Amino acid sequence: MLALVAEDRGAGAGGRVLTAAAPDGDLTAILERVAATVRPHLGEGRVAGYIPALARVDPSRFGIAVVTVDGRVATAGDARVAFSIQSISKVFTLTLALAKVGNDLWKRIGREPSGSPFNSIVQLERERGIPRNPFINAGAIVVTDVLLEGRSPGAVIDEVLEFVRYLADDPAVAIDEEVARSEAETGHRNYSLAHFLAGFGQLKNPVESALSVYFHQCALSMTCVQLARAGLFLASAGRDPLRDRKVVRPERARRINALMLTCGHYDASGDVAFRIGLPGKSGVGGGILAVVPRQGAIAVWSPGLNANGNSHAGTIALERLAAEMGWSVF
Amino acid sequence: MLALVAEDRGAGAGGRVLTAAAPDGDLTAILERVAATVRPHLGEGRVAGYIPALARVDPSRFGIAVVTVDGRVATAGDARVAFSIQSISKVFTLTLALAKVGNDLWKRIGREPSGSPFNSIVQLERERGIPRNPFINAGAIVVTDVLLEGRSPGAVIDEVLEFVRYLADDPAVAIDEEVARSEAETGHRNYSLAHFLAGFGQLKNPVESALSVYFHQCALSMTCVQLARAGLFLASAGRDPLRDRKVVRPERARRINALMLTCGHYDASGDVAFRIGLPGKSGVGGGILAVVPRQGAIAVWSPGLNANGNSHAGTIALERLAAEMGWSVF
Amino acid sequence: MLALVAEDRGAGAGGRVLTAAAPDGDLTAILERVAATVRPHLGEGRVAGYIPALARVDPSRFGIAVVTVDGRVATAGDARVAFSIQSISKVFTLTLALAKVGNDLWKRIGREPSGSPFNSIVQLERERGIPRNPFINAGAIVVTDVLLEGRSPGAVIDEVLEFVRYLADDPAVAIDEEVARSEAETGHRNYSLAHFLAGFGQLKNPVESALSVYFHQCALSMTCVQLARAGLFLASAGRDPLRDRKVVRPERARRINALMLTCGHYDASGDVAFRIGLPGKSGVGGGILAVVPRQGAIAVWSPGLNANGNSHAGTIALERLAAEMGWSVF
Amino acid sequence: MLALVAEDRGAGAGGRVLTAAAPDGDLTAILERVAATVRPHLGEGRVAGYIPALARVDPSRFGIAVVTVDGRVATAGDARVAFSIQSISKVFTLTLALAKVGNDLWKRIGREPSGSPFNSIVQLERERGIPRNPFINAGAIVVTDVLLEGRSPGAVIDEVLEFVRYLADDPAVAIDEEVARSEAETGHRNYSLAHFLAGFGQLKNPVESALSVYFHQCALSMTCVQLARAGLFLASAGRDPLRDRKVVRPERARRINALMLTCGHYDASGDVAFRIGLPGKSGVGGGILAVVPRQGAIAVWSPGLNANGNSHAGTIALERLAAEMGWSVF
């Protein structure tokens, strides 16, 4: 049991039967409809090509899963096929880092959207190595540095994996070592960022250690069902509603959601907030995790990416589903 | 009656008595408490000094008002003292422009946060005169250009004033001509932006016309009560709940809220989303309009600004109020 | 007689017969050869299109003139056809401004190359309205502000014109009012820059006055012969060798040459220094003035511009001529 | 014997006695005067602190040497004390790379000044990994990549050392291994740049190999006399005048001089061109190599740096010497 999640137990948990995740027919029908409308768009995006293991993925794949705070599960398509969650992992490492160092984290990372990748480098220079937010690569590398605390990369990778397995309530979540290796081999831009941060004295552990954790977290392989389940605590005031256990304080969960809304989709974060209106985090593997406060979590996956590096069909599916369900924080 | 707001009337409006705005004792007590905790911070910010009429304002002023969707009104402090709403007016001109041209607006303006003022110029150059969003000055100037449609600045200024009076349900809302004149006299940066836009062919009306409208909208003078009332439709799915009349479609209201959340506080938008979690728009006059979907609208005013150009005490007050009421979109 | 140029008279001038400008057959033959090799390139560039009066110029025009410090003149092609010197005028206004305020000028303008136009705006923002050098538009606008000294634009325009006529030793040099008017009508980017400077408090005279001078100086209309003659003092340690009169101190002439070499060709200044190795200043009218220290001045004109905004055929001609004559400062 | 320098021998060399380097009393007296005027400034700059071996150097050191094309040598101060030449080495590796690949080099590196270090990163991003010029770090790293040609770093380091010893006509020139090690240990910014370049596919050899060469070339340890002697070929049309042997073609020497003038002093290159008017290259060790075409080469050293990272006293000394001798290319 992780120290983080063992720290409290809901007062009434002992007394009531927790709802186990169970299928939901109505929601499933809606997801099937969404999947059908998305189908014509499946070939339109471009699969991320910089990592061989990612480039090989079939671009016509599409999966979607919803897990609600009262334990219903609905899926459509390839919702139980594992994919590389890539940057979505930043939500989980941020959560872990906040649990460790609390608001001290914000001395080393900002909370503002960064605009284009171009801007993020310019700003990193102007702001002397303080990344704009924890969801750009530079920020996520600082998060791994926070997690390291002088430990070996392996220990931290194990901790991250154990934490995500706990959140997903599924020990089958794994790290794809081939993907992790590929990330390291082709990760010049991330090496550049990490050394840039180190040049400003913003990394306390060796560049190689921080990047080893980073490349492994990006290589987490999960299904839509696992991912939605893992994000459920964010829809439930920081509490895992199906175990009735606190993961983070309510305020912290709201804040992670705020960061996802303002910074979760690279330079399309504003557009996604505008069109979909839900906190979300995307990854170049084609996955998106979205949070519907007080309702549930959504995970969608389709490998073809739009011009902003977000799942093309996944974004369309989320927009349809949110519209149909009336799910918007606004 | 404005064409915009006359276009529909709620089906059931004829049959029920609409709630008139009425005082709310409990909420007032809470606002008084918030005002008391804010008091020690009233001298800390810096009053915007670039316009004489703004620079003369007493920095110790503080007012707050809440108007709820069911018609309750609560206030504390100088909630009925008029102040210069400045950039908060961008919410109202955006609403008007969307009513006129709909989503065509987004061909000329983006929907992404812009980061620092420095970035906004860099991006305006890189993106060939397409402002990042309608809440940075460049974007708001394009919005005035959309409103002009070849008309005289005076006609558009009248239309904006009439619209804001309608939303505020108060014909006493006025434009402070001295402030408008001061804006024009000291507005080199805005002239520079407008000519920059014109250089990219992004203005269809004369620079002087667009800026005349812009300088006048910034000079709108409103009280917290008027401002909260005027923003109420954004908390109520685009409908003025006290008149039971549509202002904009529900989807559009959600989208304006999304823009306020991601772009409403300059380069502190992410931080405000993180700490407060409500859509809001601030102005250098020290005012902030915030929206609590399905609950109501808040207006707060205190002239001292923090380093990001947002009301120092106003931001603190909003954070306290939101925490106390549990008001957050996340 | 201008005060500037009347200030001294060479000690030995009374005693020797000054060489009047006279034709030089050998040099003419070389220029003819250069013109012949350039001919195939005459259609390749693009004529500046933003001003109607410039856009109408025949792109196949080509002229070149050399005036040597011992008074020889050689020409080929359209060397006696007047063209719009545009930014080349910045050399003359800089010379005038230095004569007026000396090194105090460098408190308001830098002396570094600015890179691309994109960079020049970024840097102007970062450096709070101090233009990088007097040859970018922002710097030249500050130079006009220095020249104004509270006077009317007309008075300064007259002074600039008189000065250039004196340097060219030809009262026929004129300002093309149609071009000046066109510059003003299409000059949004320059209005933007001027207001940007004014926003930083870097203009002491009205924006309209500074720009009026600027647009008129750009509209100076000169022939290659006039232009080479006017630049001769820069090849002769600041002294007009044909009148034996000082224009500027030797050190100052060297420094103007240094600025021309490092900053005279926009973002191709380094490349021109590399390929040609002579101080020079180009204009979008297709003219280039180049200086060969201790030898003479060259003016070349061909309206087609390369990607960097410098005369395409003119640059090739200068490179050939410099190579053939062994003219390089390096 | 290096292949590069063995390729030709002056036709008339057999017939005349080459002047060996010999002391020059008059020039020595001038250098002594320059040294005396510089003395009060010796404590003013800041010694580069990022490498322990450099930080330990006594800031009051000052040396200057001139070697003329006719073989005279003059010195003052610590002209025979070895110091770390750092970025001055970029002149020698550029010369070697041009000898190997000729103008193909310019497909991978530009020839324009880069402005501030901030700009150089921004531009590197905008220009997709093509460094602005060979004298910024990114450009010099690409030069080492060109030199590597698949060889081991050790082989290239040996080649560079042999080449510099040949140019300096002194086998005592050495690489300070402690400095090279320090560069590698503290060189995060250079690792960042190299990975950035590699991310754009601009390095053909491993990042570690290119940086190993780079860190070693920066650690070259030379005296002012050795350095001036090594740069003499640039003052003599690419020919070593004391051995009567070609190093590079005349055109190439002029072009290297042009690059030194426009790009040799970081973001003060324009200012140095303006004040001194000679091609030069500075290093953070406090050394400057300057070239006086047709006259000779100057090396000056004083460890205290000015705000632009150039030797404070060295720059003053160069300015005095150039003024006194009338040495300027303009």
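Labels for the chains are A, B, C and D, by order of writing; each one numbers its residues from 1.
By definition in this document, a contact is a pair of C-beta atoms (placed from the backbone, for glycine too) under 8 Å apart; a residue touches a chain by one contact, two chains touch by 3 or more.
None of the values given here were measured: they were computed from a predicted structure.
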Centre-to-centre on C-alpha atoms, which chain is most distant from chain D? B
Suppose each chain is reduced to the average of its Cα coordinates; what separation in Å results between chain B and chain D? 58
So what's the Cα centroid distance for chain B and chain C, whole Å? 49
What's the distance between the Cα centroids of chain A and chain C, rounded to whole Å? 58
Just curious, how far off is chain B from chain A if you go by their C-alpha centres, in Å? 33
If you look at chain A, which of its residues touch at least two other chains? 118, 122, 126
Which of the chains are touching one another, listed as pairs? A-B, A-D, B-C, C-D
In their shared complex, at which residues does chain D touch chain C? 110-116, 118-119, 122-123, 126, 132-133, 251, 253-255, 257-259, 261-263, 267-271, 273-275, 277, 279, 293, 323, 328-330
Which residues of chain B touch chain C once you look at their complex with the stated criterion? 118, 121-122, 125-126, 188-189, 191-196, 198-199, 207
